[in-house]
Structure formats: C-alpha cells, structure tokens
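Labels run A, B, C and D following the written order; every chain starts at residue 1.
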C-alpha cells in the first residue's frame, strides 16, 4: 500500500502571517488507500496546512504536488476541481439556505435548461444522511442547527464530492461516540476505494483507531512522519509536546461542601422538561448525554441567556431572576459556552479586550478602564493557560482554534466565579493543554469552586466528574456517582435504555 | 462559523496585518484634513481668516453634534436615519410653543423630552421587536417629519429673543469658535472618553462586533442600544433648538436631508458600518474635513455640483487608499502569497 | 435708513444701505461684482432668471456669477451667503428659501455695504434693500381665480397644487386666492383642498392623481408653480379626466406647449423670467452705485426695461403677467 | 442515534402536505400581501373610485418604477451589500436619454439600450469597487451617489427636458398599454419574474443567497464571489438605467434631480418586502410587493382626503406598522413551528 505514489503532497512548504511563522519547511504526502493523521498542539499549524491543501492559502515557499507534479491552487475552487474535499475545523454553512442546498452549493444536480433539479437534490441529500446514519430534514434551513449537526452537514458536504482526497480538520470534536463510529466506517470505506484521507484530531485514541501513518508538527515545524504501528500514544504525545505528560485526568480529592447551585423543575417548553439537580462546592458534576439531548439548553437557561417557562434557579440560597446573564454573573456564575466563535468571543476584538470583557468593573480605575490592568490580567492568564499568541493586541480571530478556546476559558475564570459552568471546555484543545485545563478545573474545585461540566468526551466525563448527570431527550435520565460511573452505565442512560431508573 | 449570525472576520474594513495598521483609515482622513487646511490657508486668502473659520465651524454645528451619538450607534451596529426629522420636529415645536407665548427656558427641556421619546420609539422597535434599525428609522424619518408639519404646518416662526440667538451664533470671546461648536468640542471629548476608555465603550464595541458574545459576557446589549437611540434623539432635538436659534427661523422642513450628511461624515471618519470598529477622532476629522473642504471650494467659486463630486470621491478614496496600500505592501512582502493573504 | 430692525415700518419701507443718501445721478460703477443666489441651481426657472441677470450685468460692465445649492434649503443658502460676504461682493441677489433664516447673514452683508436684492421669493423686509417682485402677489392670486372661474364656468370644485408647504411666495398667492374666493361672484366655486407636490415632478404627478380620485367631480386645478402645473397637465392629458378637468396656473410656455396644443390646458400665466433677472440685476447695480437706497419713490434706469420706481416696502414690480393660450404660445420660447 | 435530530423526526414523516403548509407559513411575502389587501379593502370601502379602472392603473403605473429599482436592489442586498446610488443613476439616465431624444425621433430600442448602458457602467463601477477592492458597499455607493448626482447636475444645470420635445413613441411607452395593461407594469412584472426565477432555480442564482448568507463559507466553497457581486451591481445599475428611461417616458418633463432621494425609498421597499438587510434572505417578489405597498400607502392617503400635513406622519406610521406586523407574524410562526416539531419529536 505504501508503494503507491502520493495523490497529493506538500513539499518544503512555509507560510507566515505577519510575524507568526505558522509553517516552516513542512512536507507531507497523502497516498491513496491510506488514512494519514496529522497531530500537533494547538497552533502547531495543522489548520494552516489544511488550508494550503484546500487552496485557501498559497504558501510563501514550497509547492503543492498533485499526482507528482506541481500545482498552483489559486483558490478553493481549484482544489475542489482537482478532487480535494475538505472538512474545515469550523463549520462553514449558509444559515439561510436549506441543508440540502448547503451540501450541494455550486454543484447542484441539474434539470433541463440548467435549472436546479430539486427532487434529485433532496433525494441525494437524504441518501447521504442515510449513509451517515442521521435523520436530518434536507429541507430545513441550516440556521439553528447545533454544532454537532453542523459538523454532520459538513461531513456530508465533503462526502458528496466523491473526492480522491478527503481532508478532515477535527471532524469529531463536536461529535459523540455513535456519530464518530459512523464517520469512521465511512472513512474506511473510502480508504478501501483508494481515496487518500487526512485526519486531524486531538483525541489520540481516534488517531490510533483509524489511521495508518501520522505526521507530527510542533511550532510549525515537521517533527516526524511515521507508521502508527509501532509507536505508543505516549510516543506521539512526546513528539507533539516535546516532553512527557504525567496524566490526562489529574483528579484531586476534595471535600464536598454544601449546595451552591440549585436547579429545580426547570422547564423550557419543547426543549427540556422538569430538570432538577444541584451542584455543591468543591464538586465537579458532569452533564452527559448524546448530542441534542438538551444539555447546552439547560445551562443556557440557568445562566439566563435563554428564558425558561417554569422552575427556578438558586445560587447560594438566592433565587435568580430568569433571562439575565448579568444577574447570573453577579451571583457568581460563569458560563463557558459551547460555540466559542459566536458566543464566546468577539472575533474582531483583541485578546486582552476579550479577556477583560467579563471583568470591566474590576478593571476600573475611577470611571475609566485601566489599560494596564487589562493587559496585566490578560498576560497573566495567557501564561497560566499556555496561550500561543504573537501580541495581546492581536485579534482573537487569528488564533488557532484551541488557543481561542483558551481565551474563552481565561475570560471566564478571571471572573473568579463560585459556580463555573463549562460547555465542552476542551473541544479542540490539544492533549497537553487538556491536561492543563483538567488540572485547573480540579484545583479550582479543590479550592471550593462548584463546577458543572458538559462534555461529549466520555473518558473526560469519567475521569473528572464526582457525579455524572445524564440527559436523554430533554429530561434528566440518571444520576450516577463517580464510583458507579462506567462507560456502560452512562451510555445506557444516555441512550434511554434505563428509562425505569430515571423516573 | 455557526450559522446563527454573521461573524465579521472578513469584513472589508478589516486590516488584519499589523504592518497595515499604520495606514488606518482615520489616520488618512486626518492627514487629508491637514492637507486641505494648509492648502486653503496658503492658496485662498479669505480662507484662514477667523471670520471665515467661525462661519465654517458654525455651519457644521448640528452635523457635528449629531455625528457623536451616530458614531456610538454605528459602532454598536445600528443606525439612526431619523435624526434630521427629530431635528425638524424639535424646530417646529420650538416655533409653535414660542409663538404660543412659552418661554424658551421651558421649551428647551420639553424638546429634550420629546427627543428622548422619539429615540425611545426607535430603540424599542429595534430592541423589543428585533427589527433592523435601517428600516425602523426610515419609517420614523417619515413619521417625525410628518409630525413636524402637523405641529407647524406651513408657518415659519421667527423673531426669537436676541440673547438666545446670540448664544447660537456668537463666538467664545477671544476665539473664532462659535458657542455651538465649543459645545461640540466638549461633547466630543466626553464621547471619546466614554467610547475609548470606559467599560461602557468596551461594551458598545463588543455589542457591535458580536452581539451574541457580548450578551453571553453579561453585557446588557438591548439596554445599551436603547440608551444610544435615546441619546441620539436627545442630541438631535437639542441640535434642532440650536439650528432654529442659529437661523432664527422655525420651520417644519428644517434640516431636511441632513441624515445623509451626518452618515457621510461618520463613514468618512472610518467607522465601520457593520459595527465594532471605528474611532471618535476619525469622526471628528471626517466632520471637519467635509466642512472645511466645502467651505474652501465655495470660496473658490467651485460649482455646487463639483462639490458633490468631490465629497463622493473623498468617501471612495478614503476607503480605497488603505486597501490599496495594504495590498501593495502585502504583494511586496509575499510575492506568491499575496492573493490569499489579501483575500483572507 | 440704517440696518436695525425697527426701521421696517412706515413709508420708508426697506432699509437703505448704511444710511447713505441716494444720488439719482450717480453713474453705475464699473466692475461691480454681483452674485445671484437662486433657491436651487438646477431649477430651470431660476436658471433663466439668473442667466438674463448675468447678461444684464455684462451690459453695465459688471461681472456677475450664479452660485447656490442644489437643494432648495435655507441652510445651504446661508453657507453661500457667508462665502459671498467673505468674498466682498458688491451686490447679492437672492431668491430666499426662508424669509427669516437668511436674515442674519443678509443684515451682515448690508452692514458691510453689500447691496442686497431679493427676487422671486422675498426675505423679511428689514433684511434686504429691494425686492423685485415678478408681479404683484395680490394680482397673481386674484387673477388665478378669475382664470379658473372662466374656464370652469364659474361653478364647481377646485383644488390647488402648490410647491412645498413652506414656500413663501406660494403661500402668499394662495392667501389672496382664498380671499378672492370670498367674493360673491365666486360663490359657486368651492376650494376643496390645497395639496403639496414639493416642486418634485413625480410627487406633484401623484398628488394630482390622488386629488382626482378623492374628488371625482373636481372641475379645476390651479398649480401656481411651474413644476406642479406641468405634472398636473401631464397626468390629466393621459387620463380619462382630459377635457373634464381644467388645469391652470403658472408655467413656462416651453413646458406647456404640448398640453395647450392637445387641449388639456387652455390658459395659464407667467411673466417673462428673463426680464425678472434683468431687472433685478439693474436694481442691484443701482443700489451698489448709490443711485437708490431702497426707499419708496426712488427711480432707476433698468436698461431695455426703462425706468422703474420703487414702491411700498421697497418692492419693484416687474409688471402684469402674460396670459398664454393656443393663439399666442408659439410666440414665446422660454 | 436518531437522537441527533429527534426534534426533526416530525418533518420527515409529515410528507408533502406538511411541507406545503410550512412553506406557506414561512413565506414572508404573504404578510405584506395581507397588509396590502387590508389597505385596499379599507380604502375602497371609503371611496369606491379607488378601485376603478383608472385607479388601479394609476397604482400599478406609480409602483412600477420603484418596483423595478427594488428588484435590482434586492439582488445587491441578498449578497449582503447595498446600492445607494440608484436614485442618482435614474436621474442621470432620465436626463441623458432626454438629451439624446431631444428633437430627434430616436428609435425606442436605441434609447433603452443607451439608458441601460449608462446604468450598467455606473453599476460596474460600484461592483468593481466593492468586489475587487472589497471596500464597504455602503461607503462606496454613498460616494458614487454623490459623484453621479454631481455629474448629472453639472451637466444639466437647470436645463429641462420638456414633454413636447420627447418623441411620442417614447411617451407612448410610458402611458400606453397593450390589451388594457399598461406597458410599465408589464415590463416590471416580466423583469421581476425573470430575475425571481433565475435567483430561485439556477445554481448561479442560489450563489447570490449563499454569498450573502455567509461570505467566508462562500469563498471556501469555491464560489466566484466577485463575479456574482459584480453581476448584482451591474443588474442593479441596468435596472436603474431602464427605470431612468421609463421615468422619462412616463413623466416626459425631466430636470436633473429626477428620483432625488429615492435610494432610501428603494431600500425601504426592499426591507418592507422581507429582504434581510444583512443578506441571504428574501425574494424579488417580496421587494416588488413592498414597493407596491409603499406606493399604495402614498395614494391611499390622498384618496382618503387625509389632511396634507398628516400625510407624511401617517405614511411613516403605516410603514412602521407593516414591518412590525410582519415581524410579529414571523416570530409567531417560528414559535408555532418549534412547538409542533417538538410534539412530533417526543
């Protein structure tokens, strides 16, 4: 298999954004019938490499080789014509168009006179969804899809291209087990058909499960390209991070205090029903469930971003007025939202301003905001979270995905909350930093913080939580203490197989 | 990008590269302003006289004043097209009430209340119903102008008390600066501080750049927007009083079409119409540039039509220049990467 | 004389320039700088007026120019006034968009010995030296009623289509029209509405159309504005109301020729706008040269128009308007 | 695993009937149509001549130029841009074609081509600036508004085109009719249907929506953004040019400032017609209906003998009412759809 010539390759490519050297002298080759993994810390340059393959960026130096001969992609269109399909790290949908149109934009099936054949469009979309094992309505608009569903549409879009090369930049970050399994099945089928695939993920077990070879980047430089057979996850981490990693889930023992956050019979019509739970100081509570179970919706309502129709939220004995994040914040709640690009960050704003946005009051000297305090605070958190950036005054939009997530964390941790709600806190974060975030959460809990964590990453749930709440179709299905929480019990509750218990 | 709201990473005013940050739009406008002033002072004898400058500044009073809240609104990604109509309504009311024998001291507070209500209506329609402000304020533009006619009809009221007329036209002793413009200077400083150095300003920028993220950060985006609309109404109404006293004439059609001049000045000052970007200094430079250039062209007997062409070209050039400079620099830095970098 | 406010009453209607005594025999100064400031530069009517005025200035050896805004607003006129004062013109001729708003700068101009003449649309009396009126306002108003009464046979509903609601000259005329209608001989005529077309062709057109729908039994429309009458005539000529509704008012022959020929319009009036500008130009020169001060009874020579006398309130009247109909319209080309 | 989309399951099983109902409920044009009907019914009740043959003809004649401009503007707005220069283009073209026909008996087709060519040039200037230099559309077109208007005024400077000098064949285009239907609305409807069909049924038409919906995604999808934006502006310019010629044909008398200030009316029509100002949403049918609604409001007030001074105020109020009702209806429909979907999902 490894004898076959590379379909698509990069040769000694370099790329810089202003002062940031995103890639330096990197080569990679993607062969037919092989799934190639790309590993590296946040900001290592993976997405930049993907964008060069996709024709979004043109490299400053080096070249793109297609079937062994140099090609100059002048735009994404060129790459697509050459048979390269890409799933980008951030979903890129057209919110106002239907899901089917999103998938086939620019390549719609035609009827007579060049018109769009809507019937075929719908049928082909339905077939794709069937292949992926999901039941989305091809006619619904993309607006309002959850992050996971958006990712599914992105995958369908890439598959529909029948490409020779499929590049996937963290396709699984927002997905839970079932969808991941489906995706892997499809990917393997494509491999068997002779496609070349590039796969990026921060979940190392996925890389080992799916891929044959791995290329590791560190700080924009190529570290190694090697067969996965014969190396261990620890070896891979060593290549990525440049040092050994102790443990991914450094859970500390804490003394659990009294309940600070009490949620009682919370209901938002048509979204979730009768949700009651409490979170105590010093405790990390995980909220698990399948994608779409309504976990994010519950915490959004708790934080006051959405209104609820019935029930109550109490913090430290005082009842919160619904629908006011400001009130929730002053009661000591912080919410790290799931969608960092829309909800977590002002993409145009600088790093320091984004971090300072939640603590404008604390940054005040007299009536004015102190720029020095703002900068110091940002610098402090940047160091604590190992943020990779050029200048604190750079827009967060130019940071790599994982580093953006760190800025969101910094922004909320700096409010020094008593209740910290994190929605998918480590989505898209590299192993090194993930361990760092876990240590941080665990330390904060040990210091008496109450943490409510939503995660689709089951090992993370099991590794970090003192208690696991499981949601199924908008209701709390189970509450599982740490020592009873296993993959089986959580999945059983999340898929509704233990409904009797939940009642 | 999630499909709910547009993330403005590629909005055209953005100059992502630190190198290009020096060729900012507002810097270019300020440079142009200096050039125009210097050119005028050297080439046109009547231009740099204190008489003429105070005329020119006085002429700008209302546009300049209204441009301040407009800047805040545009930074918050909204717009108020009804400002000129509020000015007209305020002028008509001032005339009607003065005619009915009220004292100016009682009328002006009333005008401010009316302005606040006018702004509140705009703000409530925008924040409560979630309507686009462009549409709402096109509607209230017609409504408020209509109310001005209802109030004053075809009448024109004149003969306002001399002491108030003086306040609106005389200059601050020892300077060529008319009182209304002096008021503008003070207001501009306050606005600049609020926008660029306070938490409220940070909140306005965040609201305009990404409303949802601002809301998630505990910023009361709706309240901020509502407040900005009210401020815009109040300032426009007050500008209406100045306008009336300055010209000594209250009419329902006062200030007709002023809104586009205000918006032109704000845009010329480099404020991004998509919100989240802009500086108040740029706007002040933009206002002065438009005003002084017009004055200069008039003194040189340049036809009014040409003035319009010059204004238009100025707008185009001011947005084009930074882009072209950035493009050229990029091309020089990355001969191969230029296309992708400039189309990022 | 003097430029103070109080001087506006009595026989000596208008303020005179800086208290100078008139010297009827003073020669017209050479090289006078004269500026026309119309309501709006792209108004065809004003263009005719100003062109003739500029030509007049050439006759007496002055240099004249036309400057002005492209929107008919007082505030833009004031910017121009300020500039003209800075430029030290000898005379400013203005068709005021607002009689009061332009007052301040005009007084300032007079205090700097700049002669101020208003034409077409007057400013407040104390703010100018002389007003050149195209025709007596009273005469225009009353004769409009007489014309329409003749056309509709003295009976029926009529409407007025004016320019903007604030136009001074329009409102003066409309005032006299209403007064004239009180006379017993017009008892059969009912004025149902004054509509405003804002001197905007399209809006005037739509207003006409609305009037006819709202009052299907309307007999006549008076449009005392050149834009309005053309729009009204055009709508009527292409609609089922042609021949049933009479259109009259003030219009230029070039504009109305087609509608007179096709029978939509039988009669309308106007003075010669060229003469208006010419007269105003000479009045300005006479003022600037000290021949007149603007007081009632003073006389000056206005080139080919002969000698003119200043009437009450500093007004000079051009003369009675011409009535155009299909017999004489081809003799006029403006 | 169906849990990903439990909430959507209903839509799958519902079938064609449901889809039809959804489409009807979601169609934003309907609420405008409803507002229009209410307005017409109320007015006719008060004054029956409103719906007379002449009355209907007048309304359609009045609306057609605005609607034509709204169709062009819609193409631009859908791509998340705006064209403020249309009013100036209409003025320029009306005057230019007036000069062109002055005293000559020019062929109508030639006049139309000339007008549309001038419009196309203006549109292309806007389009090139916006798409190639990627400068903000609002600033650029405000700039070209001033520039084109300045050129027009400078050229015209108080000249006037009189109906008497315009050839009858051209005037006939403005007031004549075929089978009782006046040409003007006919032209507008044909243009509207053509553009509407193109935008809905052709792949390149859908790209306009895609670009406005998410420009970044459009770039990544390899769509030719520049070409589409250029096309949108060119179309807007061409339609403005056409509108300019029709203006001359309809009104006969033209001074430089024809359609002065219309940019805001056109934008208002488009927005009232349910086209999202941030792009990606809306149809030309809605925009044309919006234009019809705005024009009708103007006529209704005169017909109802509303005091002249109240006319502006009331038409502003009606405009606000129209967009508010539209908004409230669509919020309600969205909520109803969510609730119903939920029931099916549970």
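As a convention for this text, contacts are C-beta pairs under 8 Å (C-beta built on N, C-alpha and C of every residue); 3 or more make two chains touch, one makes a residue touch a chain.
In UniProt terms, the chains line up like this: A = Monosaccharide ABC transporter ATP-binding protein (CUT2 family); B = Autoinducer 2 import system permease protein LsrD; D = Autoinducer 2 import system permease protein LsrC.
Values in this document were obtained by computation on a predicted structure and should not be read as measured data.
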| item | value |
| --- | --- |
| Relative to chain B, chain with the most remote C-alpha centre | A |
| Between B-D and A-B, the pair with more C-beta contacts | B-D |
| Whole-Å gap between the CA centroids of chain C and chain D | 39 |
| Centre-of-Cα separation between chain C and chain A, whole angstrom | 74 |
| Distance between chain centroids, defined by C-alpha means - chain B, chain D (Å) | 28 |
| Contacts with two or more other chains, residues of chain A listed in rising order | 56, 75, 92-95 |
| Multi-partner residues of chain B (at least 2 other chains) | 1, 3, 7, 9, 11, 149, 153, 257, 303-305, 308, 343 |
| Residue list for chain C, restricted to those that touch at least two other chains | 41, 70, 165 |
| All touching chain pairs, where touch follows the definition stated at the start | A-B, A-D, B-C, B-D, C-D |
| Chain A residues within the chain B interface of the complex | 15-19, 56-61, 74-75, 90-95, 142-145, 147, 150, 305, 325-326, 328-329, 335, 337, 339, 341-349, 353, 356-358, 360-361, 363-364, 367-369, 391, 394-395, 397-398, 411 |
| Of chain C, residues touching chain B in the complex | 41, 65, 67-71, 73-75, 78-80, 82-83, 86-87, 98-101, 103-104, 124, 164-166, 168, 171 |
| Complex interface listing, chain C residues touching chain D | 41-44, 46-48, 70, 165, 193-196, 200-202, 205-207, 209-211, 213-214, 216, 227, 230-231, 234, 238-240, 254-255, 257-259, 261 |
| Residues on chain D engaged by chain A in the complex (per definition of touch) | 1-9, 11-12, 19, 201-203, 206-207, 209-210, 212-214, 216-224, 276, 280-281, 338-339, 341-343, 345-346 |
| In the complex, chain D residues that touch chain C | 47, 49-50, 52, 54-55, 58, 62, 149, 153, 156-160, 162-164, 175, 247, 251-260, 298-299, 301-305, 308-309 |
